[in-house]
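Two complexes follow with chain A in common, the first pairing it with chain B and the second with chain C.
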Partner chain A sequence: MNRIDSRQLFSILLLSGAWSMICLPQLYGGGQLLGVAAAFGVQVFLCLPLFRKSASRTAEVLRYKWLGWAFVVFFLLWGGRSLLLLHRAVPPQLLQNPGHLTAAILLLLTCLYTGTAGLKATARCAPLMLVLLGISAAVLIVGAWKRMDAGRLTLRGDGFREGFSAYAALSGELPAAWVLLRRCKEKAGKAIGGYLLGKLLLCLLLLVLCMTAGGRLTAEADYPVFTLTMLSQPLQGQRADALYILAFVMLCVMHLTLLTGVTAHLLEQMYPKIRAAAAWALTVMLLLACMLPENCLAASAALVPVLLLAAPVTAAVQKLQRRAAA
Partner chain B sequence: MRRFLIFAILPLLFLTGCGSDSLADRLYTQAIGLSGQGTLHFTMQSFGDEKAHTVSASGIPEALRKEESAAGGRVFIGHTELLCLDGSRTLDSVQELLLEEGLSPSCKILLTPPETFLGKADCTEAVHTLRMAEQNGLLAKTELSGILDEWLGNWETALVPVPGGDVPGLALLRKNGEVIRLPQAAASGLFWLRRNAGNFTLTLPQDGEMRSVEIGRTFLTKSVDGGALRYAVRIRTVDCPEPAKQALQEKILSECQAALQALQHAKADVIGMQDALEAAGVQADAFPEIGVTVTVE
Partner chain C sequence: MEYETRPLPPVLAEQLAVMRQIADGSADLLVDTVTVGGIPCALVTCEGMLSTATTAEMVIEPLTAIPAMPGSSALFAHIRKNLLLSLDRPTARNYGDLFRLVHSGFAVLLAEGQTEALAFGVQGYDKRGVNEPSGEANLSGAHEGFTEAVRTNMSLIRRRMKTPLLKFEMHIMGKLSHTDVCLCYMTDRVPPQLLRQIREALGACQLDTILSPGYLQPFLEQKNNRLFDSVSTTERPDVLVSKLLEGRVAVLIDGNPFALVIPKLFIESFQTLDDYSYKPYYATFLRWVKYAAFLLTLLLPAVYVAVSLHHPELLNRTLLLLLTEAEAEEPLSLPLEAIGALLMYEVIREAGLRLPKVVGGAVSIVGGIIIGDAAVASGLISTPMLTVVALSVTAGFIVPDLTPVVSVLRLLFIVAGGLWGLFGIGLLGMAVVYCLCKTEDFGFPVTAPLSPVYSLRDVVTREGFRKMQYGGFTVEEYYEQN
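So, the complex of A and B:
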């Protein structure tokens, strides 16, 4: 099996999480900062089993076929939700112009290609994409700097529940991390810790920028980060839209590739004779996005704690049963 | 499979769209004007073009398509420097231009009938006059994103420049299109009660002659005391004698008081009152009592 190192694991998880984050529907109110911090605490707790230095996590998932299928179903639902989010939240400059269909098809073809190429190839380019994300974030901050009003930054106000639920729902990468642990034999805990911290910092950065620089324009927007990118133009004579679009497309490709990649990996492990599993996975995600209502797809986030706890709990129960039998 | 995909994807590299458009096929707008009740009158002036062109349409997308057909090129409004409004078309149209059509958030707004202003006045000069007046401490800083933000506040009023003599004036524009022209003293006071960059030179009369005072930095603090708002303006000058400081302090204080009086009379929030009250956890149902102190150092 192709291995990935901890740097690549960290990059791939953070990039995938960043895409979900820039599609968040509500980012306003000081209470959200506290909600995000509380949800971060819950995620760290859920990840405790992942921090244990063990390379046999995927084996735990694959030992019980029902558990493997539970992971596959989750990834398919989560992928469907992501495709629906892509359709809804996409910035107007990208897909809503004439040529909408061409751009959507190209994006899906790219995902199909990267998904077929395998997770190893995706993991290799993830650190490079992370640099692009860093540059985009720096441009966003520079552009927003002159509009920032620190007086708007407060921990008062509503939004705790919204902040908590929105951040808690950004946990689709955690089951993927569980599957990828088998490939990352060294410092996997460090990579997952870095991912959780990086995602928290990115979310807080976006919240602070939306509150202080976006003001009421982002508070009233359906997808505030895209409104923030419209407002954050650091140069007078050169718009930064192209950079933001590039970052958005790359993050989207990375997110969908991770989901198709881990689904294909699990299916190939459970059924070694299966062919073109990534292409099938992407097709099923597309069908789910077309057929299932948004609420149903979004509710798949509730499966994350169940999946994260199911494998260690099942293993522990089996161990106890074996001891009792002995 | 991989080879097949590579052969399928390689030709897509040529579908960049770069070959279909040249710079000559595009129209880069320098100024845009919105006017008209019901039917939208959309006026547009491109960079390097001295004439403006007006079309009537039901909405902005239709107006842009009509402009494209008339001018023979794709319209790009991302670098627009000036937006002229006559008060009849306000929040929805401007918000649509920013968020849907990609109008520059730093675009300057001028409250004037676009059909008569654009095409006759020099847009470059109008924009430079606004920018220099803001940099030299003569006019409160305004731009598209800030104006939209003010309109979306509880008091639904924005501060907008209007063409004037040597220096543009200021007016309060309500979301419903009502215009309240501000007196000169109130307009000057708003410069200090809003964020400004500092580093400019002011001239003020003293002992029968005009004296220059170099302003280093200005600090604006807002505090809430029992439901009342207190603005504290602190101005740092460079090598300024004490009598000049005193004269400057009195002048700015009277301007700020004139500005607050005008805002209270119009029930308008263009100095971040709502944000300050919300940050302090005070619910702003009625227009608050406001006080100001000015310190020149």
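So, the complex of A and C:
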């Protein structure tokens, strides 16, 4: 695989995170703003090893099979969770034409192709897709502008715990950052910092828009961002859902491709003779989505801190062992 | 071939006998025996490949004026040292070289007792003159395009780049055709690994003949089953020079007026020489018109079909009523209508291209006016659909470089849009973007400088030359280490 530059790393992580954000449940309440901010602080703390200049060297410990497998298992679980989320969260009207089953099959076929294209193609694709995300965000803001009521925005209220857990769950990309870091030798810390900040700003933007523009409608919705896109229409005579559908599809493909890509990359590195690793990874994700209960898949988020710290701890232990041997 | 490495025997009669045997009575091989400086010699030429006036004046006259020589070695030494019969004077030591030189328009002198032959470059075959390129017209640039003669093309490039850093490297390719293939690059700017890999790729080509760039292109593209080209072509010497300055390698093929350029960037499909003649603001405006035209030509019919069939809520009331009324009487479904109209266009385009120019105009009239008008009048195709297809096709003329890709993808997008609406278009769009992103050759991604992101000063805008003159750019910046 070729190297990944910092802009590509930033774009991949942010786009993947953006898709998870679209599927966030219960994005409403002043207390959530504080919860999100607190979760952001925890994520930054957990990511500190990623900011070090020697992080890409530290990431080399992923060549150990036990650690590689731990990451692979997490990515498979997280992928399964994403597929389940796709099934649960997406409103029927968004996929009314193909229908949920056809849509899932088409999506998986596309991901099969994009996944086999490799991480290099994903990295190159990401900055291009980031433009689409920017345009969608701009249209969302313009559309929501007319409905916005600043009076609904308050920092008081419940939701600290929900905000914290919702934002903490938006962390599936962070272990992927360790894998990608091995190919991103320059300014990786800047890219990861940018991603964390970008994700926070995007989450706050959605939260503020849901509260001020969506009002009670988004407060009562299971997946408020989808409700917000239906409300946010910048033109009077025409609807802008087309753009949101395109953005949703493309973000979803990016998210699943990233998970498939990093899994395949780790498997190929551990077992160089393996063939069609991306296809296998996607198949296992699908099976996990079908077989495992939702709670079990969602609980995989708890593995994130463990995995984030596993690489630097292993590297430190290795260093100590080398010193002792010397 | 067996004869290619066969050395020339010292006896002239035997030399000529073997030559005649290999040529097998070919009508264009001319062998004139003559005594030069008292030594029996033969002047071998190929009819129609050399200038008879030049040969008579520059070769035959001086040769016949040579005084008596003690032997053939002395004769050849005298010719080499004292006579400048032509500027290009190679030597042939076997029949392979001898025939290659004769068939390339050289006059070859054989002498009794010599195991080598002297050749004089007096080529003078008929060739097309330098004309305006047919496919890359521009308003304010030069009106010279490449011709079929590789030497003429080399001179067209050299006239624009007089530095010794510009290098032409001649290769002979094609087991039977012995086609001259010229690698062209700037020695100070070309990435060495690119040059090495291109030489290796050309070395792997064992074709009998090289008749067009399409013969060599698959060898220069590391993976051939890709949708997007990673090798570009141009028939303009000025465009080629600008690409050489960016560290690229060009391949000129004798007998073809197109040069292959490696590596290609996707964004180049939207750049023309005229962009650099206009003021930056207008060039930038035109650049964005081209981007929009590309999206329009690729997606307009598909989006029209998808929105009309699956997402009518995206249309305003007036437009919805208009389209409903227009489509109500149509016998075919919208996707079929769109595919039919586009296929009809492709047929008319191909017919216009292959027929003689005189008849080509008639095809346009029949296709454009009669069939188009009749199709609407008979109710086979609705007016809005014809308008959409016409708009899409016209927009495609702005980016002719992408015509093959667009023609196929446009149909696929219509199918995806017709079956699954915008969701299908989104998925196919993603697959296409991935396909584009994974295209690379020799470590150079076609998506640069968009991704990996580099300077966008000639992509998002077109900066003025006052700024562009600094920070000399070469494609090496885009090289991604494997």
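Heads up, the rule we're going with is that the second predicted complex is superposed on the first by the 307 of 326 C-alpha atoms of A that agree within 3 Å, B and C clash if a C-alpha of one lies under 4 Å from a C-alpha of the other, contacts with A are read in each partner's own complex, and residues count from 1 in each chain.
Just so it is clear, a contact is a pair of C-beta atoms (placed from the backbone, for glycine too) under 8 Å apart; a residue touches a chain by one contact, two chains touch by 3 or more.
Because the structure is a prediction, the values reported are computed rather than measured.
Engineer: If we overlay the two complexes on their shared chain A, which of chain B and chain C does A:Arg63 touch? Say first, second, both or neither.
Structural biologist: After superposition on chain A, A:Arg63 lies in contact with neither partner.
Engineer: What is the contact status of A:Lys190 with respect to chain B (first) and chain C (second): first, second, both, or neither?
Structural biologist: After superposing on A, A:Lys190 lies clear of both chain B and chain C.
Engineer: Kindly classify A:Arg124 by the partners it touches after superposition: chain B alone (first), chain C alone (second), both, or neither?
Structural biologist: second
Engineer: Report for A:Arg147: first if it touches chain B alone, second if chain C alone, otherwise both or neither.
Structural biologist: After superposition on chain A, A:Arg147 lies in contact with chain B alone.
Engineer: Just chain B (first), just chain C (second), both, or neither: which does A:Ala276 touch?
Structural biologist: Once the two structures are laid over each other on A, A:Ala276 reaches chain B alone.
Engineer: Looking at chain A, does chain C or chain B touch more of its residues?
Structural biologist: On the superposition, C touches more of the residues of chain A.
Engineer: Quick one: classify A:Leu112 as touching chain B (first), chain C (second), both or neither.
Structural biologist: first
Engineer: Under the stated touch criterion, which partner chain does A:Ile245 make contact with: chain B (first), chain C (second), both, or neither?
Structural biologist: Once the two structures are laid over each other on A, A:Ile245 reaches chain C alone.
Engineer: Based on the A-chain superposition described above, do chain B and chain C contact any of the same residues on chain A, and if so which?
Structural biologist: On chain A, the overlap between the chain B and chain C contacts is residues 102, 106, 110, 113, 117, 237, 239, 241.
Engineer: Tell me, which parts of chain A touch chain B in their complex?
Structural biologist: Interface residues on chain A, with respect to chain B: 92-93, 99, 102, 106, 109-110, 112-113, 116-117, 147, 149, 151-154, 156-157, 215-217, 219-221, 227, 230-231, 233, 236-237, 239, 241, 276.
Engineer: For the complex, which residues does chain A have touching chain C?
Structural biologist: Per the stated touch rule, the residues are 2-3, 5, 7-8, 94-98, 102-103, 106-107, 110, 113-114, 117-118, 120-129, 237-242, 245-246, 248-250, 253-254, 257.
Engineer: Taking the touch rule as given, give the residues of chain C at its contact with chain A in the complex, in rising order.
Structural biologist: Within the complex, chain C contacts chain A at residues 303, 307, 310-311, 313-317, 419-427, 429-431, 433-435, 437-438, 443, 445, 447, 450-453, 480-482.
Engineer: How about chain B: which of its residues touch chain A in the complex?
Structural biologist: Going by the criterion above, the answer is residues 1-2, 5, 8-9, 12, 15, 17, 78-79, 98-100, 102, 104-106, 145-146, 148-149, 152-153, 195, 222, 272, 275-276, 278-279, 281.
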